[in-house]
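Each of the next two complexes has subunit A plus one other chain: subunit B in the first, subunit C in the second.
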Partner chain A sequence: MADDEQSGASSDLAASIADTEGGTGCGTKGDARGDVLMADAEGDLGGTPIADTEGDSSAADGEKGGIGLDDGRQGGASFASGGRRESREDAVGSVRDGDADVRNARIWLQLDKLRPPKLVEPRKRKKKDRHARTRVAFFRYSYYDIAFKYFVEQVLDADFVSLPEPTKRTLERGTLNSNDFVCAPFKHILGDFIDALESGADVIVQFAGPCRLGYYGELQESILRDMGYEFEMLNFATLTGKPLADYIGVCKKKVNPDLSVPHGVRGMLAVFKMIECLDEANDYYLANAGFEVEAGSFDRALSAYHGAMRAAVTERDIADAQRNGLEAMKALPTAKPVDPVRVGIVGEYFTAADATSNLGVERKLLTMGVELHRMLNMTNRNLRYNEKNLRAGISDYVKFDMGPTSSMTIAAAKRYVDEGFDGVVHLKSSGCTPEIDCVPVLQRISREASVPMLFLSYDSQTSDTGLDTRLEAFYDMIARRKKVLL
Partner chain B sequence: MTEAYLGIDTGSISTKGVVIDEDRTIVARSYLWTEGNPMQAARRVIEDLGSQIDHGAVQVQAVGTTGSARRLVGAMTDAAVVKNEITTHAVGTTYLHPDVRTIFEIGGQDSKIICVEGGIAVDYAMNTLCAAGTGAFLSSQAHRLGLEVEQFGDIALASKRPANIAARCTVFAESDLVHKIQMGYSREDIVAGLCKAVASNYLNNVGKGKKVAAPVVFQGGVSKNAGVVRAFEDALGMEVLVDADGHLMGAFGAALLAADAAPTAATKPFDFDVAEFEFKTREIECGKCTNHCEIICVYRDGEIIDAWGNRCEKGAVKTAR
Partner chain C sequence: MTQTDSSADSQMLLAVPTKAARKAAASTVAALLSRTDCADIVRVGIPRALLYYRYGVLWTTFFEQLGREVVVSDISDKDTFDAGERISVDECCLASKLYLGHVQSLIGACDAVFVPSLANKGHRKGFCTKYQSLPDLVANTFYDRELRIVSLLVNETEEKIDEKSAFIALGQRFGVSAADAKRAYRAAFSAQQRADRVAARAQERLMARLDQERKHAQDQKPDRDRTVEQAPASAPRSGAPSMEPPIDGQLVAARPSQVRHEAPLAILLVAHPYVAHDPFVNGGVVDVLESMGASVLYADQTDHGKALHESFEFSETLPWIVNRELVGSVTLLHAHVDGIVLVSAFPCGPDSMTNDAVARCIQGKPILSLIVDAQSGTAGLETRIESFIDILRYQQRGGYLHG
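Let's turn to the complex of A and B:
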C-alpha cells in the first residue's frame, strides 16, 4: 500500500502528466474573466487542426508537404513538366471539392493550404426583424442566472429567456445528443440549451471554460444545428484575448445592433458587483443554514433574496437587495454550537458549484447540521482569481498550474485542513482530467493532516441513493471523530 | 424478561440478521439470500430469528436496519435506527475488536475500506462505479467454472502457483480466465488466481491512497473465502483476521446502534409479527411538476406506511405514521 514516499511519487507523477498536457490538453492559464478558449487536443474532438491558424497551416504545409501523395512542389521528381503539374493541380482541385471526409483527412495530415474545417458550416441566415428585441438565453449554472439575466437586460439590452428548474428530461436529452465520453457538464449544458431553444430563444450564450468546456460552445452549436434548431450562438470563448471592440462587435452583430457601449460597460461593472454579492450571500447561507432553528427558514430567505436580486435594475437596487437579504438571513435564529462540524467543498468548476449537477450535495450536508465552506465560486475563480498567489500557498505540493481549477482545489483543501476543518468533500464530473490529477495530491494532504476526504464523481446519474450512503457515512465518521478524538 | 435488540442488514445478495441481548452478545443469527426481493428476505430472516429465541424470556425493544434496502426494511419493521452500512460495520467491528486499525469489507456488490484510530473510524472509501472484484464477480466466475462459490476457498488453498488474472475489469478478467483455462492451467491455480485478483483489485482501487495498518479485520461475504484471505495476507505481509460472525457485522452494528438509541415514546417493542402482515411497494410517478419524480410507496396490508423519492414538498405523500 502507498506509504508517504510512494504517494509523494505518485503525486509527482500526476503533476508531470499534467505538465505534458499543459500545453495542449485541459491544463490552462487562468483568465480574469473566465471565458477562456482552451484548444483541446484530445483526438476524439479533433482539436489540433482547428487550433491552427492559417499561418501555421501554410508553414506546416511547406515542411510536411513531402509526405503527401499529391504535392507537386516537393514530391517533385515525377512531375517535372509544367503542363503535367497543372493537370495535377486540377486533380487536387477536384479532390478539394469532393466530400468532406476526404477534405478533412487531407487537412488533418496538413497536406495543403486549406483553412481548418469549420465545425459549423456557414449558412444563410434568416432575415430577422431589425426592430424586434432579441431573446437571449444562458445555460443553467447554480444561482448565476440572476447575473446572466442582468447582463442580458442591462448590458445587451435584450430579453432574457428565463429557464424553469431543470427536469429529468433536460438531462435525458442532453445525454442523448452528446458523446458518451464527454463530461457531465457538457450534457447538462446541452440539455439546458435545448430547453432554452424550445422556450423561444434566438440567441444562446456560451462562455464556460477554464478547461475543455471552453471548446464546447462550438460543438454544442454544431450538435444543435444538426438537430434542426435555428439560432445564433454568442460564444465568448471564441473572443478570448481579443480587444473589447471585438466583444462589442459580436454582441452588436448577434444580439442588438443598437447596443449602447457606455451603458453596457456600466452594466458590466454592475454584473461583476452582483456576482460578488450573490457569492457573499451564498457563503453566509452555506456556513449557517445547517443550524437553522426552523426547518426551511434559510431556504426561504435565500430564495426571497434571489427574487429581489433578480428584480434589481440599478446599482442601488443591487446594494439594497444585498443589504436586506443579508440582514434577513442574519436575523434568522440558529442553534450553532461553539465548535460545529465544518466541511469544505472543493472540486471542478461546474459540478462543485451547481446543485443540479451534484445532486444537491450541499443541501444534504446542511440537513445533517454541517457548516459548509466553498472557495470555488465565480467571484474567487473568475473575478478575483490569481493563480500565482494561490499556487504560492501550495508550493509544497504543486510546481506549476495543472489546469482550470486544480490550483484552487488544492489551495482550498489545504486551507480547510490548516484551519482545522473536520472533512473535505471533493466533487468532479467523471473523467475530469485536471481534477483527477488533484486526487493524489489531496490524498497526500489528507494523510499528512489526518483530515478525511470524500471523493465523489458524477456522471448523468439521477439516483442519489449511493450518494446518501456515502455522505451519511462520511458525516457519521467525522462527527463521531470530532466528539471522541478532538 | 430481558431486553434484546434486532439488527437487519439487507444487502444486494444476502440478508443478515442478529438479535443481541442486554450484554451485547449475539443470541440469534440468520443469513439468507436476498434473491432480488428484500422485503421477502427480511421477512424470512425475522421469522428465522424469531424461531431461535424464547419469546417468554426475551423482548426485542428496538430494531436497527442497514444495507442497501435499509429504508424499505426500516419502514417494514418500524425501525428505531436506519443507518448506512459503512457506519454499522465500523460500529460492530470496533465493538468486537477495539484495537482494530483497518477494516476490509467485501460484499456482494460493493466493497469498502475503513481506517480506524483509537476505536473511531477516521477515514473510509467505497468502490465507486464498478462491481469487479466483489462477491458477485466471484459468483459469476464460479458458475463459469462449474463450481459453487463456497468451494473456492479450499480449492484456492491447494494451489502452489496462482495464475495471473487481470481483475481491473470483469470483462478483462473473464477473457483472461477463459484464455488461461484453454491454455491448460489447473483449476486450483485458476481459482487461486481469481482470489488473488480480487485482493489486488481491492487494494489498487478501494484501498488506493489509504494506509493499511495492522490489525486488519476482513469481513463481508467474501471474507468466508479462505483463498482471498490468503491473497490479502500475501499482498500485505500481515495477518488478516476473519471473525466467525464477520458476515453479520453490519447487522450487529445496526443492533448495537438500536440498543444505544434513546427510547422514545414512539418506539414500541418489536414482536416479530411483521411476518403476518402483507407488505407491498408501488412506484408512482409524481405529476405535480415537470420533473416527474418516481415515488416509492410502502403499504402494510393495503395501508400506506411510508413513501420516499420526491424532491420537493409537492410530491409528499401522506402516510399513516
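Let's turn to the complex of A and C:
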C-alpha cells in the first residue's frame, strides 16, 4: 500500500479510486476541506462577529495536515476488501494525536436588536411600474439555461437575464457569503444570484427540492438581503404541496400581473419537451464526442444546436432545432472502435450535471477517447422519475430511499456495471450527506463486479490540475485493464 | 399387473391432495414466518448515538413491552469513535462515524440491531438524510459481517407511514398480535412523552429560578454600585443608590450575604440531542460551562411542540424538524438567557444552514458558535468558553454598550 503515502500532500481534490484487484490500483486522495475551514474568519454574513477567538487559524492549520494524511490513508485503504481494515487500523493511531478539538469557534455580539428574529425580514414591497416588463434570472445549471429562458419568456412572459460564463469572482463571492460547510452548489448558486442581480435582474428564481435544496431559496434570500440587494425572490419551495392556483398567483404577484394561464400551461409543456430534447442531444454528444475525427467538431455542433434551441419560440421551433441539431451531430465523422472504453457518470444532482461545478470532467474524459453515459439529468431525475421502481432494481443493496439522488446513483452504477462498462465516476460536492452515504454501496458494487470506480468530491477550492492527474491515472488503469482482460 | 396399477393409481390419487395440502400448509407457514420474521429475536441492540438521544425511551420501552431484552451500547468513548471512523467514508460527519462504532460494538452482543429509517414526520418536518439512509448505510458497511438489522420506515409525506403504524407493523413482525403491538407502542410513546415532559418541566423550573435570582441581583444593583463606588473612578454614580433608599436598605438587610454575589449566568446550549447530551461529542462543554458558574439550559428540552410551532416564525421552509425545534427554542427562551452557545458536530449539513443564520438573524444576546470534531482534549474548548463567559460577565456588569 505504498501508493497511499503519496496522497498526504496538499492536493485539493478529494478523490479515491476503488479497485477490486487488491493492491494493483492506484488510490489517491487529498483534501481541500482543511483550507475551506480557514476561510471562515472573515466570511461573516452581516451581524457583528467582532471576536474570532485567537489561536483559531493555528488550530485549523494543524487540523489540515491531520486530515490530509488521514484521507490519504483511508482513500488508499478503500481498494481491497482484504487489506482494508488493517491498513486503516494503523492509520488512526498516528493521525489523531495532537488533534485540536475545536475546529472553529466564533463569537457574535449583536447586542441591539436591529431586526426581528426572522430569517427573511418582512419589508414593504416597492411599488413597481405595472407596464415595465420584469427581468427574471435563474442560477446557472449546465445547459438548462436554455429551458429556463424559454420558461421566462414563454410561460411567465417576462424578460430573461442571460448570465455570462461564471468567473472566478462568482464562486469567490458565493463562498465568502456562505457557511463553509454548506454544500458547494449553494455557494455556486449564491454567486450566480449576485451576478444576476448586478446584471439587472428584478426577480431571481429558486426551485423547490429535496434535502437542503428546498431551503436554499429562503436562506439565499436572507443572505442577499443582508448584503443589501433589493429584489423579489420567486421561491418555489414556499409553494410545495399547494395547488396550481397558488403557483399562478405568486407568479402574477411577483413577475407578471397579466400572465396568461392557458398560454403558460402550453408553454410549460413545451419547456418539458425542450428539456427532454436537450438531454437526448447531450446523451448523443457524451457517447460519441470522444471519437470525433476533427477535434472540436462535436463541440461546435453542440453549441450551434444550443443556439438554435435558445432562439426557439414555438413547439415547432423546438422540434426543428432538435432534428437539425441531431442530424448535424450524427453526420460528423467519428472513429469509434468496436469496443470503446466506456465510463458511466453518477452522482449528485448539481455537481454531476454542471460542467462549471465539476470542472468539465466530462470534456476531459471525452478528450481521452471515452464513451460516456450519464443517467442523471433533468429528464430522468425530474420528468420521468419513479423512485420506487428505480429502487426495486437495486433491492439487493438498499431497502430505503437514501436521499434525493441516491437511488439513481446506485441504480445507474449498477446498470453500468451490469452492462460491462470499464469504469464508473462518482461526482459530488464535498459534504453532500446523501451521496456520501452512497459511497459504501458503490464500493460494494465495485468490489463485487470488479469494476473500478473513481470518487471525486468537489468544493469551492478544488483545482483543475489535481483533477487532471486523477482522471489520467483512472483512464490509464481502466484502459490497461481492458487490454489485459481482452 | 392391472391390479397393482390401479392400486398405484389410487395411491397417487390419495397422494396428490395430501401433497397439495402439505404444500399449501407449508406456504402458509412460510407466509406467516415471513410476516413474523423477527419473532426469533430475543435481544435487540440499540446504538447509543444519533436519535437514541431523542427517541431512546420510546425505542427501549417498545421492545421491552414486546418482551424483548434491550441492549444499549456503552457510552461513547474514543475507542468507539475510532472503530467507527475506520469503517466510515472519511467525509461522513462525526456523529455518523460514532454511530457506526456503536453498531459495531453491538455485534455479537445481541440478536439484531435496531436501525430505523426516519425520513419525515410530515411536511417541513423532515430528518437529515442521514437518518433516512442509516439502515442501508449500516447494511452495506457491515455486509460481510454477521449483522442482522431490524428496521422500520417513518415517512408521512411520500409513503403515508407515520410513527405509530410503523411501530405497530414492526411489533407484528416480532410475532405479537396487532392489539398487543398497539399497546406496546402506546406505552412506549407515553413513556417518551413523560420523559420529555419531565425534562421540559425541570428546565422551566430552573429557568424560573434563574429569572428570580437575576431579578434579585438587579434589585441589588444599586448596592453593587455603591461597592464599586469605593473605587475612585465611579464617583459620578453615587447619586443612583440614594434615589431608592428603602428598597436598597431592605434588601441589604434581608440578604447581606448576597450583596457581592454576581447574578446567575443562564446559557442556552443549542445543539442536536446527540451533541448536547453526549460529552464525548461535545467535548464536555456542559461541564466546562458549569465549572465557570453558568447554568446550562438545553434547547432540545423545551416543549417540542411549542418550539416547532415557534420555528415557523423564524423560517418558512427550513426542512428539518430537529433544527426547527432548536431554532424555535432559541426564540422562545431568548429573553431568559444571558448567552447562547451553538455547538455543531463537524461537518453537519443541517447545522451548516441554520447555525450561522441563527447567529445572524436572532440578535440581542452574545452567541458563541462552536464546531467540534473528534475529541482528544478540551484545552481549546475551555479557552474559548472562558473568553465567552468573560464577555457575558462584563456585559452583566454594565457591558460594552450600556456602561
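The rule is simple: the second predicted complex is superposed on the first by the 365 of 486 C-alpha atoms of A that agree within 3 Å, B and C clash if a C-alpha of one lies under 4 Å from a C-alpha of the other, contacts with A are read in each partner's own complex, and residues count from 1 in each chain.
Criterion: a contact is a pair of C-beta atoms (placed from the backbone, for glycine too) under 8 Å apart; a residue touches a chain by one contact, two chains touch by 3 or more.
All values reported here derive from a predicted model rather than from experimental measurement.
In the superposition on chain A, contact is made by A:403 with subunit C only, not with subunit B. In the superposed model, A:446 lies in contact with subunit B only, and not with subunit C. Contacts of A:169 after superposition on the shared chain: subunit B is touched, whereas subunit C is not.
After overlaying the two complexes on the shared chain, residue contacts for A:245 are found with neither subunit B nor subunit C.
Between subunit B and subunit C, more residues of subunit A are touched by C. Legend: residue contacts after superposition of the two complexes on their common chain; A:457 is shown touching both subunit B and subunit C. In the superposed model, A:473 lies in contact with subunit B only, and not with subunit C. Applying the stated contact rule after C-alpha superposition, one finds that A:481 touches subunit B and leaves subunit C untouched.
Counting contacts by the rule stated earlier, residues 430, 439-440, 457 of subunit A appear in both its interface with subunit B and its interface with subunit C. On the subunit B side of its complex with subunit A, the touching residues are 68, 83-87, 90, 117-126, 128-129, 203, 207-212, 236, 289-292.
Residues of subunit C that touch subunit A in their complex: 82, 85-87, 89-93, 117, 119, 123, 128-130, 132-133, 135-137, 139-141, 143-144, 151, 153, 155, 158, 283, 313-319, 330-331, 334, 346-353, 355-357, 359-381, 383-384, 387-388, 391, 395, 399-401. Considering their complex, residues 1-3, 7, 164-165, 167-169, 430, 439-440, 443, 446-447, 450, 452, 455, 457, 465, 468-470, 472-474, 476-477, 480-481, 484-485 of subunit A touch subunit B. Within the complex formed with subunit C, the residues of subunit A that make contact are 14, 33, 45-47, 49, 51, 53, 55, 59, 63, 70-71, 74-75, 81, 85, 88-89, 92, 96-115, 117-119, 179-183, 186, 211-212, 214-215, 217-219, 222, 226, 235, 237-238, 240-241, 397-404, 406, 430-431, 433-434, 436-437, 439-441, 444, 457.
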